[in-house]
Amino acid sequence: MRGEIKGLNEECGVFGVWGHVDASHITYYGLHSLQHRGQEGAGIVVSDREKLKIHKGMGLVNDVFDEDRLDRLTGTGSIGHVRYTTAGDSDFVNCQPLLFNSQTTSLSLAHNGNIVNASALKHQLEHQGSIFQTTSDTEVIAHLIKRSGYPNLQDSIKNALTMIKGAYALAILVEDALIVAQDPNGLRPLSIGKIGDAYVVSSETCAFDIVGAEFVRDVQPGELITINDEGMHIDRFAYSTQPTICSMEYVYFSRPDSDMGGVNIHMARKNLGRQLALEAPVEADVVTGVPDSSISAAIGYAEASNIPYELGLIKNRYVGRTFIQPSQALREQGVKMKLSAVRGVVEGKRVVMIDDSIVRGTTARRIVKLLKEAGALEVHVRISSPPIINPCYYGIDTSTTGELIASKKTTEEIREEMGADSLSYLSVDGLKEGIGRSKEMTNCGQCLACFTGEYPTDIFPEADHPYDKVLGGK
Amino acid sequence: MRGEIKGLNEECGVFGVWGHVDASHITYYGLHSLQHRGQEGAGIVVSDREKLKIHKGMGLVNDVFDEDRLDRLTGTGSIGHVRYTTAGDSDFVNCQPLLFNSQTTSLSLAHNGNIVNASALKHQLEHQGSIFQTTSDTEVIAHLIKRSGYPNLQDSIKNALTMIKGAYALAILVEDALIVAQDPNGLRPLSIGKIGDAYVVSSETCAFDIVGAEFVRDVQPGELITINDEGMHIDRFAYSTQPTICSMEYVYFSRPDSDMGGVNIHMARKNLGRQLALEAPVEADVVTGVPDSSISAAIGYAEASNIPYELGLIKNRYVGRTFIQPSQALREQGVKMKLSAVRGVVEGKRVVMIDDSIVRGTTARRIVKLLKEAGALEVHVRISSPPIINPCYYGIDTSTTGELIASKKTTEEIREEMGADSLSYLSVDGLKEGIGRSKEMTNCGQCLACFTGEYPTDIFPEADHPYDKVLGGK
Amino acid sequence: MRGEIKGLNEECGVFGVWGHVDASHITYYGLHSLQHRGQEGAGIVVSDREKLKIHKGMGLVNDVFDEDRLDRLTGTGSIGHVRYTTAGDSDFVNCQPLLFNSQTTSLSLAHNGNIVNASALKHQLEHQGSIFQTTSDTEVIAHLIKRSGYPNLQDSIKNALTMIKGAYALAILVEDALIVAQDPNGLRPLSIGKIGDAYVVSSETCAFDIVGAEFVRDVQPGELITINDEGMHIDRFAYSTQPTICSMEYVYFSRPDSDMGGVNIHMARKNLGRQLALEAPVEADVVTGVPDSSISAAIGYAEASNIPYELGLIKNRYVGRTFIQPSQALREQGVKMKLSAVRGVVEGKRVVMIDDSIVRGTTARRIVKLLKEAGALEVHVRISSPPIINPCYYGIDTSTTGELIASKKTTEEIREEMGADSLSYLSVDGLKEGIGRSKEMTNCGQCLACFTGEYPTDIFPEADHPYDKVLGGK
Amino acid sequence: MRGEIKGLNEECGVFGVWGHVDASHITYYGLHSLQHRGQEGAGIVVSDREKLKIHKGMGLVNDVFDEDRLDRLTGTGSIGHVRYTTAGDSDFVNCQPLLFNSQTTSLSLAHNGNIVNASALKHQLEHQGSIFQTTSDTEVIAHLIKRSGYPNLQDSIKNALTMIKGAYALAILVEDALIVAQDPNGLRPLSIGKIGDAYVVSSETCAFDIVGAEFVRDVQPGELITINDEGMHIDRFAYSTQPTICSMEYVYFSRPDSDMGGVNIHMARKNLGRQLALEAPVEADVVTGVPDSSISAAIGYAEASNIPYELGLIKNRYVGRTFIQPSQALREQGVKMKLSAVRGVVEGKRVVMIDDSIVRGTTARRIVKLLKEAGALEVHVRISSPPIINPCYYGIDTSTTGELIASKKTTEEIREEMGADSLSYLSVDGLKEGIGRSKEMTNCGQCLACFTGEYPTDIFPEADHPYDKVLGGK
């Protein structure tokens, strides 16, 4: 049943605006601050009340948009998307938002997440005459909405969403409204803010600070929220919801200046570091973190362990898209890229190296080697999350089980392979405790599937699909 | 009923290959030689027998493809497209070929022409749940094919084609075949050639010379031809056909080194020039043509009138896409672009200026002014086609009736407006005679609608569409 | 003594403006119309009366300049340059104009031609402490001017020019004047025009038409002309002058819409074609010319021989810089570029193919093959200039003697090698007669060195240079 | 006498290789790790033993070089340069290295620093006939070397260097050697390393780690070191040297993973932070640093003060060259760029904000505002260096005295202007103590001129220049 799951998992960022005279610029800056969620493609659709206009392309937000293109996207409503995926320029068609124009109305969608029953739904839709121009789940959602056929768009969307399983933070733009929805588990984050009278929505709250917006509320699991000139109308398409936000958003993915479920990401990561110091202490001279995502945890570990925190690893800021990779010969002679170990900091020292997670283990092995070559006496690797032993079906590209080193090897085997003097992971309880989310938001759980294998949704729908009668909509 | 006709008419070029190990490169060179048919966008889809791969983009063939991208398009079958249309980068989605992937098969289409009942068909399809991502007629054809639902693709295509009215030279690529079709009137050209065992198809035969192919035959009106590993299979979807190829292909659009319906374009144009000299002689010292499309007619006029043919107008070859337009102030001071009159040729001379056609009249007026400023004593404008008084609904952007100067003004008024000393058009009979097509191919007429208003197809289908029962296909 | 001559000969275009509020734009359009004289690099220097500003780069004028850069080049005086040379991006430093800033004044130079004693002068200058950043002759001229050291710039320039031998059309810009000079033989063209009160100078008069200027006069051999706010002041640095303008400017290099020495280039070429028809007639059905430079001669040949002129060869307009070259395999299968023979014109015909000149003979061989493959029964090659048997030392890249096919082989051998049915060149007398320059301008000779070996200047100065005493200037 | 000092001060990076088969790639990676020292231009010159080849351009190392260009720069010796300066594409001519070709030899120079008597020297050189194509000091050095005229290059260089005053770390490449020199005060850093038998030189040691080189030694003030196939030969052109390395290299400019004078930059900065905590303690909840340069000092302050170090400010990593600046209207609505304050960290907290230095004060004011808007209760600004009250004449762009806020206002006035609750600088003694350089290297002082006004060299040479007799060299 693996075929049910797309090989091409992706993490993305979604942003939207309603009621601002310069919606496209606001969206540009918003997407900019979500750039870490996807660097492969970007797009913006605007509504000028009469029609939708689009521009999108492969590359960073900066590459895709220039002043001129942005100025042409006049309108007061907007949705935008940044996309992470495997390379390949033919993937242009998969860039979002998708835009569908019928003779009377338009419909645009931007989506972060992954639909686990997309394949079954697509099969069914094709049987009924639908044709597909992308390989994106989002196109499936659009077909389902269109075929629902209710006179009211919101009803059609609600009908469509009851058919799809998986993770989705969804932003929909039509001529006269911005509509957002979150899956019944709230797996992917989506928040609402305000700039004066205008509304903004964003995958992460860090975008609110950049555009001068105030945080209003998170979109709740199962909610369908319509924002139009009359304000914000909160509706619901799912009632039996079980909030299980993705833990990796806290551990690795989100920006440290975002808040998620009321918890600041930097503070959460620092707590994970503190927790890790309690669970896995070690005698050492220096704590250092792998930049940029493990810095917060390293600070926390240093504080709790009373070992000085130092910049033992430096990231080269200018390694861009066009960087010329060193040849094999030069690599063997020691030519490095991206990361350097700081000899003046680690030479002759026992170093605690904090990393947020290990997927294949190759990066950690390389960093341990860098530190030892720079003179570190000992390197103690501490991971601020538990071993990842299960793939993610909800939009993070943690690959197949076979590539997850922790699913095949013991911690001791991994340690030996990476040449570390010791290796410890944070426990699952430590992770829950560290994030501290449950304390502040009583009804808010976390998805821990990649660590525990307990997936909050069906991930293998049965072969004979019960959707036939449903797909026709009303 | 104007809404029935798309505002955005377009002329394009189509090319295809089957059975060549380097199909994408062959298509690249083929599209290159069709570049004059469309400079706004280009695309290639290849089949490697297992799947279809695509690359397309805005701009010239040279801009869209580089060595690297072409090398990645490995496959032995291919279709390509160059597109002319109004500007606007959001039009990327309208670039062709279109590619549709279902879970089991793929379907790609490239199309030259215009479907006159596209709007009615789209309306119907949307009513049945189809959603559209482009504003292109081609997407309508794809939906119709998909919904036909015959087990055999050719049957589905034939079913779809019976529903559409208008002009189309169509190339379809699937994993294991290249399929081409031409509308029942044969309004848009499409020819078949061979390179060794491989087949090529092209909007114009000039592409055959470039890729080293031999001409085999023209696709006939109403034919559906399948080319696969077993060779070429000729079928037919329309039986009552009335060949009426577009006259403007001869007059203006095609390259002089192409043959169309067995007639070489340069020779046809030269004949039009000769004919024009007979119909509208004038005392003069020099004949000159507006480069590049009117050169052949000017040579013919000179020959028949015994007035020397000279290069009285020079086109600036380096005026590219990024050329900086002169400001109004500089234009008023006489800064020119693109065309110069050759003082050394025209000064003190009575000049016959040959142009192939007049749409709005602004270009001809500018050229008369150039010639006079360069010292021409008299300028006699001779047009190697009749006055255009009706819009084209078959894919050439001759705009609306209101913009056609000859539909509003008399020849004398136009002459006066453009400051010419005399102005004459070729007669409709002269045009038919000049092209000489009817003589060589007895059953081959011409579309003269833009001159005469006699359209070879319905152009205003009735409001209540009889397609409802048909659209479901089998 | 070959080392005395630069291996890197070059042909270029020079343009200048004085007294126009938008000097940089005027220069942009002027350079544009001189683009055929050099496509490798372009540059503009402007004077705003207080200082000189520069922008230059590799590529076409269009590539090097955009609106923004042009707008920043505010000023009322300007010189510009387009450059042809061998490839290599490190050649950027050789792009012109060159700009030299001292603490008190600036000096900028643009130069078309070749200094035959550049090497000796450079040797001497280095001995005296000069250092060189380019390999351009122009830098030598600048050093000589600077070292002349007269209080008056014009005197310094005159002193410098007496030291250099060779071909030069020179434009010099300083804060308050535009100064132009031509070598004592007038080998390279340079003309002066006016736009209202503003002056323009240009390598060819075709640029005057483009910018709306009226022709005033040609710069005469040995003249030094200063244009400033007080008007045009004509001075002279050489008195014993012998006008011998380059014949190849008429035959091949200049644009057909330029006049040179009072003779229109198209008309001159047409006369060469007529002359060729008289000298080398042939029974044939069709005359065709190799586009673009041989079209005029072909028209003349057709007229004089009464054989119809046809478009038998078509140039592909869209073969740009980024064009992907066909692989060897594809070339062997017949994939062509740039030029196509028009089957419909030449099939079954005896063809006269006019070319303006033959250097290595490879292009002509390829074209004969194209015509035969397209069905030409016979191909008679007629060359509208005499055999080139000597290298040019004055700035046209006709390479070394060893590469000139006519210096090594008989006409019959060349004919056989190119597969033509007959081959004839124009005679030297026919060339002189055809250009007809001597008739209209009694004191105006032509440089025929590449045909006859009679060089109008010393080209091998003696080894012991007599410049030592001179170089210190005043 | 202000004219004596260039308005355009610059900081740069220099790198060189001798004896490595892939010198250009090594230099590319080296320059990459020096990119923080200059982002405006980059260039590489290589020697293949017979000649020097160059490529340079405006922009980042990544923008200027691609695989192709680098591959063409074959050679075993190389020098490279990254350049910081004000914008302006006409500055291309000022990009380094400069390359001078005479008929027999070549000479290339790359220079970091500033020559304080450049203007006087240039005046003199022009008087003697030199002409200048750049506004760079480096061209002056080249002229001086050339005019020295000793048969031995090293003697000529030494003669030239005795004439120049100021700061320079200089790398010179000729066909058969790499030569480096440092000014008698050692104001700009330059170190030597080895990769196997090959030598490398670099402005900072961080480049050694990247290219796999081992540190050998720093170039000492007044040394002239020749590296050729026979190894490294250490010579000296100045004997009365007074080492005073630039303090700002420690405070702000260098990368934290570099060592300078035996001191690691990160550790030095951390010590400055610790020192600052002792000198200027404050009651607070959180310490945060302005990324990236103030992070180390912030960690040190936090450690010494026992206040937690947090990520209170986040830098947006994707703000590139093409970033679209927010309009005034959007800025007023709160649209931010580059830096965000982390609400979750600073809200309701008393924050210590560490910055490394203050020039105009505008950035600090903006950051205080960000922190307050994000809810900080108090913001205490601590600067890890003393007030900058004097301009730098040695290559750091600290502008004119008038723009230095600390030269015009009291600390209390500055505090008020920036809206901070308190403001303290590190003392000059604290700076010396913190860097700790004097302890480890007894004869190694620091340049503190920007803080104290005590310049280690003459900066205002007298008006009548005593160089006349010297400039002729031998």
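Each chain carries a letter (A, B, C and D) given by its place in the written order, and its residues are counted from 1.
In this text, contacts are C-beta pairs under 8 Å (C-beta built on N, C-alpha and C of every residue); 3 or more make two chains touch, one makes a residue touch a chain.
Only a predicted model underlies this, so the values are computations on that prediction, with no experimental measurement involved.
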Joint neighbours of chain D and chain B, given as chain labels: A, C
Euclidean distance of C-alpha centroids - chain A vs chain C, Å: 61
Intercentroid distance (Cα basis), chain C paired with chain B, Å: 38
Chain C and chain D, separation of their C-alpha mean positions in angstrom: 47
Chain C: positions in contact with at least two other chains: none
Category of the chain touch graph - line, ring, star, complete, other: ring
Chain-to-chain touches, reported pairwise for every pair that qualifies: A-B, A-D, B-C, C-D
In the complex, chain D residues that touch chain C: 53-55, 69, 89-90, 92-93, 98-103, 107, 119, 122-123, 126, 128-133, 135, 142-143, 146-147, 149
For the chain D and chain A complex, residues of the former touching the latter: 22, 25-26, 28-29, 32-33, 35-36, 60-63, 65-67, 70, 195-196, 206, 209-213, 255-257, 259, 263-267, 270, 292, 295-296, 299, 303, 308-311, 314, 316-320, 322-324, 326-327, 329-330, 333-337, 340-345, 374
